[in-house]
Every structure is written in structure tokens, then in C-alpha cells.
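Both complexes shown next keep subunit A, but they swap its partner, so subunit B is in the first and subunit C is in the second.
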Partner chain A sequence: MNLYKYSKVYTKFLYTSLASELEYKVNILIDLLTAILSLIGSIFLLTIFFQNNATIGGWEFQQALIIQGIYTILNGITNTWFNPNLTEIVKHVREGTLDFVLLKPIDSQFFISLKKMTPSGFLEIMLGICLLLYCTKINQINLNFNFLTLCLITIICSICILYSLWFFISTTTIWFVKTWNATEVLRSFLYIGRFPLNSFSFSLRIFFSVFIPIAFITTVPSEVFLGISQIWKILLEVIVALVFLFTSRKFWLFALRYYSSASS
Partner chain B sequence: MISNLISPKFFTLLKVQYSNMLEYRVEIALWAISGIIPFFMLNIWTNNDLNESLNISDIMLSRYFLCAFFVRQFSVVWVVFSFEEDSLMGKVSPYLIQPLNPFFRYFAQHLAEQITRFPFALIIAFFFFLVNPESIWIPNFGILFLGTISTFLSFLIQFLIQSIVACLCFWTEKASSIERLLFIPTLFLSGLLAPVVSFPENVKSWIYLTPFPYLIDFPANLLSGNATNISIGFSMQILWIILLFPVFKKIWSEGTKKYTAMGS
Partner chain C sequence: MAKNIIDVRNLSKSFDISSKEPGLKGTIKHFFKRQTKSLKVIKEISFEIKEGEIVGFLGANGAGKTTILKILCGLIYPSEGSIIVSGYFPYKRRDNFLKNITLIMGQKQQLIWDLPPIESFYLNASIYDIDKFEAKRRIKNLSDMLEIDHELFIPVRKLSLGQRMKSELIAALIHKPKILFLDEPTLGLDINAQRNLRNFLQKYNKETNATICLTSHYMKDITSLCKRVICVHNGSISYDGELDLLLKKLSPIKEISIFCRSEEDANHLKNSGFKVKNKTKKEITIKVENNSITSALKTILNNFDIEDLYINEPPIDEIIGKILIKKDHDI
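Right after this comes the complex of A and B.
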């Protein structure tokens, strides 16, 4: 692995995708508006819930906003990097252009995961960070170095898990070709990441922490944020993230052995 | 234009599209699964006793969300995405020469997809009843009939709105971002995530004038046997269709004049 080479290639990726995205300036504006509206909508939904009950799964409104903030950041990251790139795998497999990717003297997973970027997701990330800052104020959290590093570690782990989930699902297209909307299923499952895990029934809680670890993605970082997380949960998240990253890599290499190209 | 609907041309289109859709069974099954968000919402509602202050029992609420799932399944519209792709690829040109408005083709595509989707939706409902056996009920024939009609009208409203947005492709090339923007209020205000009766009073005062509650909340209430005003619901649905149809005709005739046959 040549780090210098990869960073140089990545700046090129950034430059080209920015250039092509800025062709549609109005689009970016509309996307920004969509991001703002969708945050307002989620908060509206939360207020409906809290209108009828003071706590949901043991979380108060101010605390539930933290989950919302973290979800918004992660959703922004999904929209900026994962969504534009990983839905492209389907196209590559269907049209046989994955050949060109594999022939390049660069790691195929790197190329496929980071080629594109949609700048409008940045606003969502920023919105999420603003909401989190507001939450630290209303929840009277004092920021210190330890706290920030722990938050950063858990959020990075969440990003890794999220990336691996997306990458897993997209990789299966090598066998099934036509699963354009397998990612839509994942998207709808991820939707529940907006709410605290404790607000669901026991069976769903098990499902969302063992099979699809959405629980780790938003709830654990939020607990760290509130300072109520136990150390074993954070350690578990780090382990889950590492396992997911490692297996997604292995799975990609394994899947490539079955890739038989199209129309060639 | 309406007379085309009962002509043999349309039935042929429907048949062709149906066999086309049968080819993509797995894809449609995945689409059906990705619509299960109402069930997660139901879980939050009942698990936190949020419905107590609304005077809706758990059973009625579970029926509401099941019906919301069904209504959503049969009113999903994606015409703007198909049209955008076709217009960017220049496929619209041959359609324009044919003696049939191209939107009939998309309309038939949607109907065919709904027929294909029906068994999958039934399977999901079967599993729902396995988990919640106490909510099993059989609506009487009249209600089922009215519910089907109101679902179809809801589909028509959404189809018209999206077709109007799709026609903007003639001007902006990428109209799908506008659709994503419009989807946000549809998601939060239509009653898919929370029944409209639970909304705060200041929202309820104006929401019934917008098309949103008639997309999912009204048909779902009707089907599930929850309280709703049937005559007002139907008249508002028909009113919106009458309002939207001339807009679509106008924008279509303006747009086709502007069409420049990209990519061909």
C-alpha cells in the first residue's frame, strides 16, 4: 500500500466528482432544502411522540435529539459517499464495466468505494453537528478531551459499520445482478436508527443488535455523548466495527472470484 | 385522452408490462420489504403506550398501521425516475411519435407492478398476523371496495403530482431531486409514520386542506375501521385530481414543445 499514491488519486477523485456535480447547481440547492426539511420532519415526528409520553424507552426529548443529530451526521455521510458509490457497483456488474475497474493498478475496493462524492450531503453533516452542539448546551454536557476522543472513536466505528453494511449488500450483486433495491431495504431498516433502541420491543431489539447492528450505529455514540455508556459497550462497538470491516473486505475478494463479466 | 384508457391499446400495454414485471419478481419482493417502516412505527407506538392519550386501542392502531402499509404498497409511484432516465437517454423521442401519450406506458407499468406486488404484500401481512394474532379482522365487502377505490385515488393523485414533476425534465434534466424534496412532506404528513389524528392542533388546522392526509391516512383509516369522514375524504381526493389534471396537461403540452431530443 502506497499511501502517497492513494491520497494523490483521491484528490483527483474529489476534483472530478466535484466538477461534475457542480454542473447541476440548482440540484445542489434543492438537495440542501431537502436535508433541512427532512431534519425538521424528524423533529416534528419526535414532538408527536413526546406529546403523548414524557419518555420514550427511558430517553427524554432533549436526549433523543442527540440520536437525531448523530443519525443526521451519519445520513449525510451515507449520502455523500456510500450512496453514490455503492449503488454504482450494480451498474458496473450489469454493464460489465467492472472489468475496467479490476484492470486498474489500484485496489478495486478503494476505487469503487470512493470514486464519487455528492457535496450536498455536507450540509446534512453540518446540520447534524450543529444539532449536537445545541444538544450539549441543553443537556449541560461539558466538553473535555477524554469525552471528545471517546465520541470520535464511537462515531468512526459507526461509520465503519455503516460502510460495511452498505458494501456487503452491494457486493451481493455480483451473484444476483438485478438487486437494484437491496440497498433500499437496508435504507428502510436504517431508518429506525433515528430512535433509541430501548423504545422497541425486546425481539426487535435483539434483531437490531445481532443481525443488523443498527443499535451500535446511533444508540451507543449517543450514550457516550450523554456519559451514560458502559465501557464494555464501547469496546464491543470497536470489535464489531473491526469484524465488519474485515469480513466485508474478505467478502469482496471472495465475490470477485465469482465475477464472470458481462457480454465478453 | 381518457378514452385511451379503455381502448385495447392500453390493455395490450398492461399485459406487456405485467409479463415484464414478472421477470423482476425478486426486485419487487425487495421493494415490498422495504416498505415495512409502518410496522417499526407501530412497535414504537404500542411499546411506549403513546396511543393512550389518543383513545385508540393497540388493536385498532395495529390495524391502522397494517392498512397504512397496504395503502403505501399500492400507491408507490416512481414515474419521475423512469421518465428522467428515458429523457436523458433520448428514449422519449420514439415514444413521442407513437399515437399514445407516453405517460400511459408508465401508468401501465405502475399498475402491472402493483399486480405483481400483491402476493408479496399478502405474505408480509400474513407474517404480521402471525406476530399479532389479536389484530386479525376481516373488513366487510363494502369497506374493502371503498378502501380499494380510495387507495387507487391516492395512487392517482401521487401519479399526477409526479408526472407534473417529471415534465420539468424538459427544462431542468434532473427533476428527481425535486421529487425527493416533495417526498419529505409526503413521508411525514401523510400518516405513514404517525396517524394524522395524533398531530398537534396547530398542524391539524391546515393539514386537511393539503393533499397529504388523503394519500395514506384517509384510505388507511377507512380500511381499518378507524373514525374518518368518508364523504369529505373522497371529495377531497377527487378535488385534488380535478385540480392537478389540467396542470399536467398544460405542462405536458408546453414541455413537448420545448423537447430537444437529447442523446439522439
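Right after this comes the complex of A and C.
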């Protein structure tokens, strides 16, 4: 893979996405406002849960805020990259415009995963980071290099798991053509990631760890943040992320063999 | 002698198609258990195309023209047979192969809707590894040929269909492909825009020796661009050869309308052995075989007092219409 070429193309993607979004100023303002209101709403919901309970699943309010911070960052990434690109795969397949992607001398997964970008999602990422910084203060967390590296690794793994799940579902479009609902279900499951894994019953914990590993996405990085994570959990998250990435890639290449293009 | 750039041998393609009975019962049945059957849409076809050739694919809707084009450019995997395009197996979609081809579809677009076309051109240039200065030069050349200029700086959504199609062409040709696959490129364009596009394709083919494979339902596209046509009927090739030969074959007779100076001459002409289609007072229309036109004209001009005459070509759409419903043995 020619890294120079790919970085050049990605710069162009960023530029064209930004230029496209800036064509609609009001829409950007509404998106920014929605991001702020959504975070306020989520924190308000958490305070209601903790009003009568000192802890939920062994997590205090200040600790649960860390999960909210990580969720906000991931949601920001979802809104910035996954939502505008991966939901578009369905449209590409239905309308046959995937033809143009497949006929470009560039990796098709790279193209359809990163072509678009919604800048308003950046605000959510920034808000999430600010919330995490606030949490380090109220939870008296000592920021050092090892801590930051581990946090970064687990968050990157979470992004990879989320991306792979979403991409996997979108890829099934090649056979089923319309899979909007499936990606919506995934988004709904992501909301579950706002709460600590321990706050669910045992069976649900198994479901959200094994079948749909949403729990890994927010809980493991949060535990790392609080210094209560075990090394096997971090290693497991890394392995799950790698397996998911690899599988989604293979699945995409396999699915393309069955792409029949839309009729003209 | 030009070498073969496309070589197709015994190509077949089957699709799994599901069918549904009408009504609610049929819908529920279809939801739970789909009846699918394998349909062979391309049936063991073979042909070659030489470098620089312009070939038209003719056929009725659903005959398989677009499927052939999509297999040739590597979008659809063939079920059987071998295909080599520009020295590559298209379905492997190697970068070097993709840099040699382009696909233009009249009903689909690749330009970024909210931005001016120029932005899409530079994005494509970076995908094809073309530096900014070279891209600028190529855009200038193509836009001069297509006579489009300030429109390149207006958002695509505000352009007319004709301007959009011209922009699509620039986006698709910026990497100087050797082979152009065009699927109904003039669809929906007005007469002038259609003519401009045809002129551009002719000029482009002449200047770059690019091979062009074209499907179109506008016969003017085929007759003015393609010397050779491949007729597709139900997934099989029913004719592959020169368009002129095909037209002669399908329409072996021409009509000559003759205006005589007197009614007497017209009557005399009627009885002189020609096959008469119809006759009014001084005007007579006769049917003559293509290979006897010259001798027939000589006889008429030497023996009768003629005021005027016309040779009527049968309408091309009518002849091509016959091809679309004809099977192999009919042609």
C-alpha cells in the first residue's frame, strides 16, 4: 500500500467533506447544538439514576462519568466517520454507485469507510475529551505516560470493534440490499455502552460481552482509566479488536464476489 | 495491424433471481421462503475487440448488454469462460488494469453533488496518482474539447444534465484510460448535447486511439460512432460485424420516388418492368434492390423525362428495431 498516496487521498477526502458540509451552514449549527444538548441530556439521565443509589453495579457517579466521557468520544467518532460513510454503503449498493468505487485504483474499503466526514462530530469528541479530563480531576487520577498509552490503546481497540461491527452489518447489504434497520439496532446497542457492564444481569453481561461486544467498547477503557482493569481484559480487548478487524476485511472481500451491481 | 485489446471466450453469467406470486399470500410466502432460480443471462459468447475500435452493443432492454459491459470492466464475476482486457483478468481489478479503463453511465453519477465538478476532478487525480499540474493540464484539455469552462466552478446540483454529463466525462477521463465503457451516455440529453457528446467521443478516439465500447438506445449514437456492432439477443450474440453490412442485409431494398414531367411518362415508367410501390398522377415510387440502384437510375434518366427524384433510405430506427427482436438465425 502506497502510504503517501493514501494520505494524499485522505487529505482530499477531508477537504471535500468539509467543503460539502460548509455549503449548509444552518445544518452545521443544528448538529453542533444537538451534540451539546445530547451530552447534557446523558449526564442528566445519569444523575437521575444515581439520585437514590450511591453506586450502580459497584460504580460511583464520578466513575460512571468516565464511561459517559468515553461513550461521548465514541459517539463523536461514529457521527464523524461511521454514520456518513457506512450507512452510505446501503445506498451505494441499492443505486449501483458502488461501481464507481470498485473501479478506482484504491482500496475499496478505505474509500467507502473514509470518504465522508461530518465535522460537527468533532465537537462531540472534544466534549468527551473535556469530560474525561474533568473526570481525571474529580477521581484524582494520576496522568502518566503508561496510563495514557493504555487508555489510548483501549480506546483505539474500542473504535476498531465498533467500526468492524458496523462495517460487517453494512456489508451484508450486498446480499440483502436493505439493512438500514440492522445498523439502527447497532446504534441502539451502543447506547447501552453508557452504563457500566456490572450494572446488568449476568445473562445480559454475557450477551453484551460475547455476542455483541458493546461492553468492551466503553467499560474496558473506563476501567483502565480508573486503574481497576486487569491485564487479561485489556489483552482480550486487543485480540477481539484484531479478530473483528481481520474478519470484517475478509468478509468485505468475500461479499464483493457476490456483488451484482444495480441494473441500469 | 491493431492488436486485440479485449478477448472474450465462451463467456457465461448466471444470476440467482427470485420470483414472487401476486397478492398478500404471495408476499408472505416470498418473505418466508423465496423461490429462486438460476437464470443464465449471458450464454457462451465470444468476441474480440481491437485497439482503437468503437464497438456498439445493440439489444433490447434486458438482453444483457450492460451485464457484458460490467463483466468487461471487472464489476461482475463471470460464471464461465475467459476474458482478457488490456492483458488483465478484469474481475481481479488490479490497480494497473483499473488505470487503463473507465466506465461512464448515463443514469449514474460519481461527481460530488454539493461541490463544483472541479473538486471531484482533483479528488480523482489524487486517486489516480496524477500530480496537480498534470491534472490541471488534462482538465484544461478536456474542458476545451467539451467546450465547458466556468460551469466547472458551479456546484453540481445547479448544473444542467448536459453540463453534468460533460463534467462526468472529464472526471472519468482524467487518467487517460485506454478503454472507455459507455452505458447509454446520452440518456436524457437534448439533441444538441447528444451531438456534442458524440463529436467529443469521435475526436477523443481519433486523438488518443482509445477503444470505446458503447451501449445506447439512441440509434444516432450507434450510426455516427460505431463501424462495428455486436447485437445481443437473450444473452447470446446474434450478429457481430460491420453496421453497414448489417443494414444492407436487413434492408436489401431502397425506394426511389420519381416526379415525371407528364402523366404519360409516369404511366410509361409504371409499365417498364420496375416493381411499383405506389403511383399518383405524375409521381411514382418504385422498389429497387441495393445492388441494382445504379443501373435502375441510368435507365430512368436516359429513357424518361424526369423533373426530380429521391432515393429513400428506410428509417434506421425501424431497421435496428428489427435487430432487437431477431434471433441468430434470422440475421
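Points worth noting:
In this text, the second predicted complex is superposed on the first by the 263 of 264 C-alpha atoms of A that agree within 3 Å, B and C clash if a C-alpha of one lies under 4 Å from a C-alpha of the other, contacts with A are read in each partner's own complex, and residues count from 1 in each chain.
Assume a contact is a pair of C-beta atoms (placed from the backbone, for glycine too) under 8 Å apart; a residue touches a chain by one contact, two chains touch by 3 or more.
Computed from a predicted model, the values in this text were never measured in an experiment.
Taking subunit A as the reference chain, the count of touched residues is higher for B when subunit B and subunit C are set side by side. In the superposition on chain A, A:105 makes contact with subunit C only, while subunit B stays out of contact range.
When the shared chain is aligned, no partner comes close enough to touch A:147: not subunit B, not subunit C.
Of the two partner chains placed by the overlay, neither subunit B nor subunit C lies in contact with A:251. In the superposition on chain A, contact of A:122 is made with neither subunit B nor subunit C. When the two structures are aligned on the shared chain, A:61 is found in touch with neither subunit B nor subunit C.
Looking at the shared chain after the overlay, A:204 reaches subunit B, while subunit C stays out of its contact range. When the two structures are aligned on the shared chain, A:134 is found in touch with neither subunit B nor subunit C. Shared interface residues of subunit A, touching subunit B in one complex and subunit C in the other, are 24.
The part of subunit B that touches subunit A in the complex is made up of residues 24, 26-27, 30-31, 33-37, 40, 43-44, 47-54, 172-174, 177-178, 180-181, 184-185, 187-188, 193-194, 198-200. Contact residues on subunit C toward subunit A in their complex (touch as defined above): 15, 66, 70, 73-77, 93, 95-96, 98-99, 101-103, 105, 107-110, 112-115, 119-120, 122-124, 126-129, 155, 183-184.
Within the complex formed with subunit B, the subunit A residues making contact are 24, 26-27, 30-31, 33-34, 37-38, 41-42, 44-45, 47-49, 51-53, 56-57, 176, 178-182, 184-185, 187-188, 191-192, 195, 199-201, 204.
Here subunit A touches subunit C in the complex through residues 2, 5, 8-9, 11-13, 16, 19-20, 23-24, 95-97, 99-100, 102-106, 257, 259-261, 263-264, going by the rule given at the top.
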